[in-house]
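In the two assemblies presented below, chain A is common to both, partnered first by chain B and then by chain C.
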Partner chain A sequence: MNAVVKSGPSKLWTDQNRRFDPRRLFRSALPGLSLLIVLAAIYDFNPRAISYFGFNLMLNLAVPVALATAAQLCIIAVSDLDLSIGAYVGFIACVTTTWLPTTPLLGTAAILASIVAYGALGALVHWRQLPSIVVTLGMSFVWLGLALFVRPQPGGLSPVWLSTFMGLHVPYVPFPIVAAVVLAIVLHLVLMNTAFGAVLRGAGGNATAVGRSGWSLLRIKATAYAMAGVLGSLAGLSLVGVSSSADANMANGYTLLSIAGAILGGAEFIGGRISPIGAVMGALTLQLATVALNFFQLPEVFPGFRIPPEWQVGAQGIILIVILAIRALINRGEA
Partner chain B sequence: MDRGIIDLSEVTKSFGAVHALRGVDLTIRSGEALGLVGHNGAGKSTLMHILTGTVAPTAGIISADQNQRPDYDVNIAKMLGIRCVFQELSLCPNLTVAENTCITHRPLSGLGWRKRAGKLIIGKLDEIFPGHGIMPGAIVSDLSIGRRQMVEIARAFTKTDIIPRLIILDEPTSSLDPSTSQQLLSFMRRFVSEGGATIFISHLLQEILDYCDRIVVMRDGRVVADDIATEFGRSKLITTMGGAAGGHQVSSPESARSASSTGNLRVRYRAKTQPTGIELSVHAGEIVGLAGLAGHGQSLSLIEIFEAAGGRPGRIEVNGQVALVAGDRQTDGIFPLWSIADNITVRSLTALTRGALISQQRAGELAKSWKERIGIRTPDLDNNILSLSGGNQQKALFARAFGSNAETILMDDPMRGVDIGTKLDVYRLIEHEAEQGRCFLWYTTEMDELAYCHKIYIFRNRQIVAQLSQDELTEERVIHSSFQEAV
Partner chain C sequence: MKSLKESLIRWRRRPWIWSFLGAILIWVLAVGLAGGHGGWSVFTTALAFSAFTVLVGLGQMFVITLGPGNIDLSLPANIGLASAVAMKVMDGSDARIAIGLGAAILAGLLIGLANYALIRVLRIPPLIATLSSSFVIRSVGISYGRGLQIKPPQAFADVVLTRIGGISLPALLVLLMSIFAGVVLARTVYGRSVLAVGQNARAARLAGLPVGLVRLATYALCGALGGLCGALLAGFTGGSSLDVGAEYLLTSIAVVVIGGTSVAGGLANVPGLWGAALMLFLTATLLNSSGLGVDVRDLMTGLIIIAVITLAGGRRSLR
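Take a look at the complex of A and B:
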């Protein structure tokens, strides 16, 4: 027998029942804390930005990014990774601006077919035991090609109802925040609080065990991917609603942004460990970080100093690395 | 009492050339605790997988409740109430205790499922392991290994829509401490007395003898004894597992008898959990065997020795270069995209360089000479390694180790699933290399291979519990030491 015997039964009880573990608390609070820090920085640089209109402006693009992150999270839940979500969002945006306003039936059919295709991809990944990274990397070129086929030149029209919806003025709380909160709650309920969500995450943690319990892993994977397809489609729609035109390449950055958001929110690359609320916060943090840099200035020393916009992407990367480094430190202390 | 929950008739299972089960007849009735024993490779695990429907038999008939079920699979086993606590844990580490319960119980869904799942599992834990102290909301990866095992056992006994009728416990006490083991065994008796059935697999023979009604002994993929428990005693069980009754001497080649522990000390090793007592030592020219039940620390010790090479002597002392022949060649051994020649020479690249570059000519010569010596059957060494049969792939791995400058070769049960022709080729070469002064540390699950060793160390619970010289080697003694209880 192993060390458990040596230590005797009394020592058995030490590993658990630490309901209040400061390390764990800190780790789960990390996404919220980083969001707060970014908000505090914005307030420090420009207090007027923390207002109803300020948030509407700053979080303009946060809804599509948060939806894409949610899509990525469904894939991460089953221990896979989706490198095609950005191209897919771009494709849906192209379909929306090209077909939805004029031939709504064709547009709707195209979007539904893409969701089915996403589910089929999940089935394929399981059936042939293919690495999801390779399959979705290949698919990203397929989606991009299809997007260019639908809309060779940038432009198009946003359906009126969509722009109206995305431009909704909710009293007191800015619409993007309402949307993000609703998304976080729904996602949390579905993935963390239903039995179905537990099975889905279980497949990410120990697929063999879930299979031995009589679940079809094929169906689990297909469902997870189809859910990602639905959320990705919503991301494409909301992106059009905000920007009112489309371009095949408009959402390419979403692939890495969605992974970064999910990881920032507390998810692990493998093992089915996810945190939906954290992921939405992660997406908002990355979105706001770019804004914070816009406001950043050193008034006393260099009054005219501004961080060049091309540094913003790099800043998102640095935030990600810092947060992950902190998390790794917490984890190491725990082990 | 006579109604069989499940009947196996002439069930066989082959994995390629390996016959895991060679015709098993077995009936499991309600109201009995069946003990299942057997040495490594006797077919216990395969049999359990067939009963739970995770592996389909190659041939044979499975009947449940007197009805033949040719379509027997996981879901049918589940419907019948047949469940298994597998030896390798099958909980999802990222989920909570309650969530893991819901994975095996479909009715646990809808509103309030989490609460019901938690209640179900905690209720069962309270029943089996009073004072367990496990919370339903605890994430499994935060629990100690013993507690995970408790959750898994309790989960197997929980009831929602399907009544558990046959619970298979595969080495359930291996990670439990004595008092929790005791709780489990008493619960098992209660479960059986209420009409359930259990199959209990353990290497602690006393547990089997004390708590089972009937004992089935397996050997070489067959059931060799099946009788009520009182008909067996410790020694009878051991002799039945080992085959021929009495002191069956393993026939060994002449070379193995001329033990020569006079050469230079190459490896000295003491297991981590072994504060005092037997130390393993290997001298130049020696072939040393590691035996015992699979998973009792043999592979671990080889890896520790490998990693200690070049370090300062402490608990482990290693002199000279070491090479390891991995047992699981698919994951640890071959480079699947490389040619046979590249696979052979990769361990020796530093010796094959001319200036900064690898000399293709010298690499080719090395690979070619070992192809001849070890008899790799291929028309061209530049073919992909996967073009070889499994046995020949393993030969290439031996060639990699033997062709290197290592004085000590560690072998991690390398002959699993290898045909007899290849084995004989490799045995011959090992003997020859040992005569040249190389030494071998050889973990094997096959009794016949121990015959080639000058001395044998037997592992149990990650400790060395016995040392046998070649003259003392009998199959019975190996099994005896492997199964012996801590007194």
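Take a look at the complex of A and C:
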């Protein structure tokens, strides 16, 4: 409750008048800095990784992760949380590999219906004032069940156009980077630069105020969730385009990864405070860190100190904790 | 007549009644499907498995009762690590059972303390804090356990699998612990403080309650219960495994919610945990025995969670 009060109009107003606060500058630069540090570490392990082909390889899975993070960001913008996005991406991947190549009409209808279901979920959350964590927790079971129904065994086919698109070779700049930049810009324009985006974030900051000034909160919530559904579907499609087969459980990790990416990118859990560009960078950072730890077996962090393979998961946790600790320090100074 | 009506109203106000009604309904369906046989054994099996769910559910319930945002996502990693710690310390020797149990609980307790340290010192939201720590705990578990599956001491496995009058010993233990937890919540300073913090942390602080200490104790308690669950599960399943806790991430939250505990905090419900745990296990049994696959089971679990929370209403019911 406190946070809602804090991010009221007066706070917004003072924020705009403190443009040259170095702490704020550092805070907003943190996602970019983290990305640079991870890139520098990779360069240190193997300079050849920082190349056209290196990036194509390392950022292979970054596009679906970034899209899932963008989906999560839409939900975080209205101060909710989506614990079902991973299961949903898996479900869409199953639909894509099972129905899209042979019965495109059925596949497309299933994906559209799922997006509608997502929007309806947002409406339900607002209508009954439900905690989003619990509702989406329930939905994660639903999507997983549906995914297993569509595709009981791993496998399937990727539609040709999808693999072709995801395997696109853009000259000079690797395709995943182009895709990430386009995603970041579009997301930034929609969420940060349009009236609609402002209302959306406003509903996350102070729903009562937005409701009293005449906006339909039901429509806002439904739209935010439907947007997450669209982005989640794109994540599922792109995941199939990269991996060319599907498995109901293939994207379960995306739920936590997407939350972590959005938070790394500078989003706050409550108050509608988000940063789309930061979120995409956060997703890339996490993806690169994972790949770096997987690709370069036993990377030497300091001379004589290597990360044992069993610590690869733990390293992700430690990276998260360190970056959040730095941000907590900055925030403490700001307050 | 009047007293009957009054008591009916009183019963209706207890949200846990629904989870028990659901459990009974599904039990009747399951037994009916089996031709009316084996009702008692279905029930005792459900009790034996639900005991573990309730054990972690108790910890999760205390944490969720602390108020919005409070949640422990590190339980699965905690359970996995504790099962490895218990088995390694016991080392297959009957004489070391108590030390092993103690070590597992201690490991869980330390994890709980570390979780709270992250939340408090680094001001990380509990969700992200326990998520990050679960990654780290998982790595500790992998490097500690080295993928070995150590068998539990014979006496420990025997005790965990013992049934008294058909009811398994862990179920009896957890039943006692549930009663104890109910008393703690209703009658002790600590329990009342947890509820007070969950209802309004600011008011609790102004009233002079040690809010930080209450939260610290609660995360530590949740961790310790996870540790105990890990040790017992290792005995129950015949060895430690890091993945033994995986299913408890979602079920621990699900039983708390279905059991009628308020997600907004400040309102806990112990009996509901049992009703919800039995209902989830019996649903799985029913769907398995009727030949439906894991897909329908997941679908039903999800729909039950959403239906229950929609019917019970969310934050509105608290105000």
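Throughout what follows, the second predicted complex is superposed on the first by the 300 of 335 C-alpha atoms of A that agree within 3 Å, B and C clash if a C-alpha of one lies under 4 Å from a C-alpha of the other, contacts with A are read in each partner's own complex, and residues count from 1 in each chain.
In the analysis below, contacts are C-beta pairs under 8 Å (C-beta built on N, C-alpha and C of every residue); 3 or more make two chains touch, one makes a residue touch a chain.
The model shown is predicted, which means the values in this text are computed figures rather than measured ones.
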Exercise for the section: Figure out whether A:F149 sits in contact with chain B (first) or chain C (second), or with both, or with neither. Expected result: second
Handout entry: Partner chain in contact with A:I259 - chain B first, chain C second, else both or neither
Key = second
Handout entry: chain B or chain C, by number of chain A residues touched
Key = C
Practice task
Please work out whether A:I133 is in contact with chain B alone, chain C alone, both, or neither, and reply first, second, both or neither.
Solution key: second
Practice task
Could you say whether A:V190 touches chain B, chain C, both of them, or neither, answering first, second, both or neither?
Solution key: neither
Exercise for the section: Name the contact category of A:L217: first (chain B only), second (chain C only), both, or neither. Expected result: neither
Exercise for the section: Go through the superposed model and pick first if A:G204 touches only chain B, second if only chain C, both, or neither. Expected result: first
Practice task
Scan A:R273 for contacts with chain B and chain C and give back first, second, both or neither.
Solution key: first
Problem - Touching both chain B and chain C, residues of chain A - result: 2
Practice task
Could you pull out which chain B residues touch chain A in their complex?
Solution key: 52, 54, 74-75, 78, 84, 86, 90-95, 99-100, 102-104, 106, 108-110, 113-114, 117, 133-135, 138, 142-147, 174-180, 273, 461-462
Problem - Complex interface listing, chain A residues touching chain C - result: 2, 81, 124, 128-131, 133-135, 137-149, 152, 256, 259-260, 263, 269, 308, 310-318, 320-321, 324-325, 328, 331-332
Handout entry: Of chain C, residues touching chain A in the complex
Key = 68-69, 71, 73, 118, 122-125, 127-128, 131-136, 138-140, 142-143, 202, 250, 253-254, 257, 263-264, 293-306, 309-310, 313-316
Handout entry: Residues of chain A that touch chain B when the two form their complex
Key = 1-6, 8-9, 12-13, 15-17, 19, 193-196, 198-199, 201-202, 204-206, 208-215, 271-273
